[in-house]
Amino acid sequence: MNTAIQVANLSYRYHDGTEALRGVSFSVQQGECVAVLGPNGSGKSTLLLHLNGLLPEKLGWNGAVGILGQPVTPDNIDTVRRQVGLVFQDPDDQLFCPSVGEDVAFGPQQLGLSEAEVNARVQKALAQAGLTGFARRATHHLSHGEKRRACLAGVLACEPTVLVLDEPTSDLDPRGRREFKALLRRIPATKVIATHDLELVVELSSRAIVLDRGAVVAEGPVTELLNNEELMLAHGLERPHILRHSHPHGEDT
Amino acid sequence: MIGDWIGHHHSHRDSLVARLPAGLKLGLALVIIVGTVLAPPQAMGWFLGVALLLLVAVVLSRIPLLFLLKRLAWLSPLVLGVALVNALQPAARGSWLTVAARSAICLLTIILVSNTTPFSRILRVLKSARVPGLLITTLALMHRYLFVLVEEAERMRRARASRTFTPRRGARWQTLSTVVGQLFVRASERAERIYDAMCARGWK
Amino acid sequence: MHIPDGFIDGKTAATTALLSAAGVGLALRQVRRRLAPRRVPLLGLAAAFLFAAQMVNFPVAGGTSGHLLGGVLAAALLGPSAAIVVLTTVLIVQCFLFADGGVLALGANIFNMAIVGVAGGYTIYRGVCRALPGTRGQVAAVAFAGWCSTVLASISCAGQLAWSGTVAWPAGFTAMALVHMLIGIGEGLIGALVFLAIQRTRPDLTGESNGSAPSRRWGEWVGYGLLAVLGIAVFVAPFACPWPDGLESVAAKLGFDHRAVHLRVPAPAPDYQMPGVRWAAGATALAGAAGTVVVFGLALLLARWLVREPGVDPRLTRP
């Protein structure tokens, strides 16, 4: 089976009654990189939280979300969380351990691996994230870019098949952006990225979904969608400059 | 003020003392503190011996002297208070000088340990001393998010202050209590997101 | 009110450490049983919040400023058991990271601020809330209970200092109680203002949000209350009891050697004593009693001023 993620008619309401998601349906094939676009408040983060069962709070059996062919239910939630790695929007929320090494080790430890295996995974994940030697660094002493990479390392250490990222490049300076983009490019997992960074979308993803007020308003190949200036403007986005000119710094820096 | 008060940056300075194992330092500190508190006022030998040991440790730890002196000076109002009250009605346990000496020694000991030992190591020692896991987790999370919240509070206060033009005290109190209230709300929401982040990586 | 090492002696440190361990152990057990797993990180974050909040300067006059200790606020927001754990965490970090409060004195500090302050304060808070429903009642309760908890904690502290022989009871009690009756006003006022600020943006956080019915929680804090009362009995009663001779004769009649109970209570030097100090202690006690009534009235006025309409009883709107 080639479908990594299958979302069918997903709806969700907040406690105060506002509709966050309205009948969202889409699918992601294995190995793809799909971008989730939309203005602020469109429900991107809420959708992402459904992809590893953090929402709804009371996980039911309706199976609106399927991961690797299996619906997400209370029975297989552990497996799902192993398969889907979620990188949160605010790195301070995710880096809850005092040192980078401890934080990256958290996931493997929860998996019940031996100390040797945990160490091996930590080293590998740190290397993948370009943070070799950072194991002993205190989390609150890191720069913003380093924090984001540490979050990525923490998720990579769990060796997920699917990587879901919520606004991974926001607040990064241009160099941090380029470095992070290069990192993501090297990771072979299936990727779903919610972002405002339209240049990132063009450079990394093949397909995109546009959300507005909780519903999917458009879906399709990236260039086609993003070149549709009318569509972009109608939903709080715009046509990125990268599609108008060539990037001054080339592909990888 | 915050950077100075939170002498945390000192704990990452490398020195002979910093390299000693945390358990040893804490154990020694406990011995010194218990001994100093229990020693009768006449035990000059103990006081002098410990003071000497601490002096050596201070030199070896490379902690700035000014920082230490400033920190010790914080004891003075309390000692003064004791002295004053004892002048009105003497206490049985020896003069305020003894109190001052004891508290200075104990304070110096704990400053030395806290500034040469990362807090996570201290937590590990506490954990092996059978302190309940829930308390350890809470301590760890508090330590991790302490600076995050303090900075958040500072940013909010500054943002509010830049839009406050009346010097009235009432307005200050209103501003500050709103900031503190918001801080709790944000802390509460962040706690939920942290829970989600923990669950996302398999926590039970 | 953080007692540094050297101000209390060995027996006081040991006794308070035991009492605190019991109290905190009880609190942890309650929290493990009652707190939803979702809220576990909130304990740590609330502790960080209290610490950050304690650093905020509320300007008073000249260079002085008021600060929040937050025991009653924490109890109102999280419940008494969680509040005890949170306060304990704050005190431990303050001790080990900032050398604020001694290591041996940690037991005393936890007992005074986390147990007496929270148990006493929360009892009063719940009492006032029952008497005065609605947001106004809650605000008045936080203000009044905040003041009370500060004063109670300071009295307990004075008792420990006296039992250690550092400071004789009458003078110590007078100084501590008077000062903290003043400081307590700040605590009550700031606590009430912050509580209201939270209630305005997130009323769900200020309701009885722990999910357990109020009546069930009486059992919890009866345990703490007993602990607090026991501690105060040990530290304060020997000094504050106006009829020590009467107590001794009763003890003798019961065949109970009072010396065993009092251990090494140091007798204040009987020959030299500033005249009027004992009088001052008595007067302080009276002032305290009168002050309690006055502060309660002030708390009601404050709540009336801050909360325009009485508001709905939050217990009625609980989901």
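Order of writing sets the labels: A, B and C. Residues in every chain begin at 1.
By definition in this document, contacts are C-beta pairs under 8 Å (C-beta built on N, C-alpha and C of every residue); 3 or more make two chains touch, one makes a residue touch a chain.
What you are looking at is a predicted structure, and each value in this text was computed from that prediction instead of being measured.
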Farthest chain from subunit B by C-alpha centroid distance is chain A
Chain centre (avg CA) closest to assembly CA average -> B
Cα centroid separation, subunit A vs subunit B, in Å, comes to 39
Here the gap between subunit B and subunit C, centre to centre from mean Cα coordinates and rounded to Å, is 21
Rounded to the nearest Å, the gap separating the Cα centres of subunit A and subunit C is 47
Multi-partner residues in subunit A (2 or more other chains touched) are 96
Touching two or more other chains in subunit B are residues 119, 140-141, 143-145, 148, 190, 194, 198
Touching at least 2 other chains, the residues of subunit C are 41
Per the touch rule, the subunit A residues reaching subunit B in their complex are 49, 52, 54, 78, 81-82, 85-86, 88, 90, 92-94, 96-99, 102, 106-107, 110-111, 138-140, 154-155, 158
In their shared complex, subunit B is touched by residues of subunit C numbered 4-10, 13, 24-25, 28, 31-32, 37-49, 51-53, 55-59, 68, 77, 85-86, 88-90, 92-93, 95-99, 102-104, 164-168, 170-172, 175, 189-190, 193-198, 200-202, 205, 266-269, 272-274, 277
Listed in rising order, subunit B residues that touch subunit C in their complex are 2, 5-8, 29-30, 33-34, 36-38, 71, 75, 78, 81-82, 85-86, 88-94, 99-107, 110-111, 113-114, 119, 122, 132, 134-135, 137-146, 148-150, 152-153, 157, 169, 172-174, 176-185, 187-188, 190-192, 194-195, 198
Contacts from subunit B onto subunit A in the complex sit at residues 12, 118-120, 140-141, 143-145, 147-148, 190, 193-194, 196-204
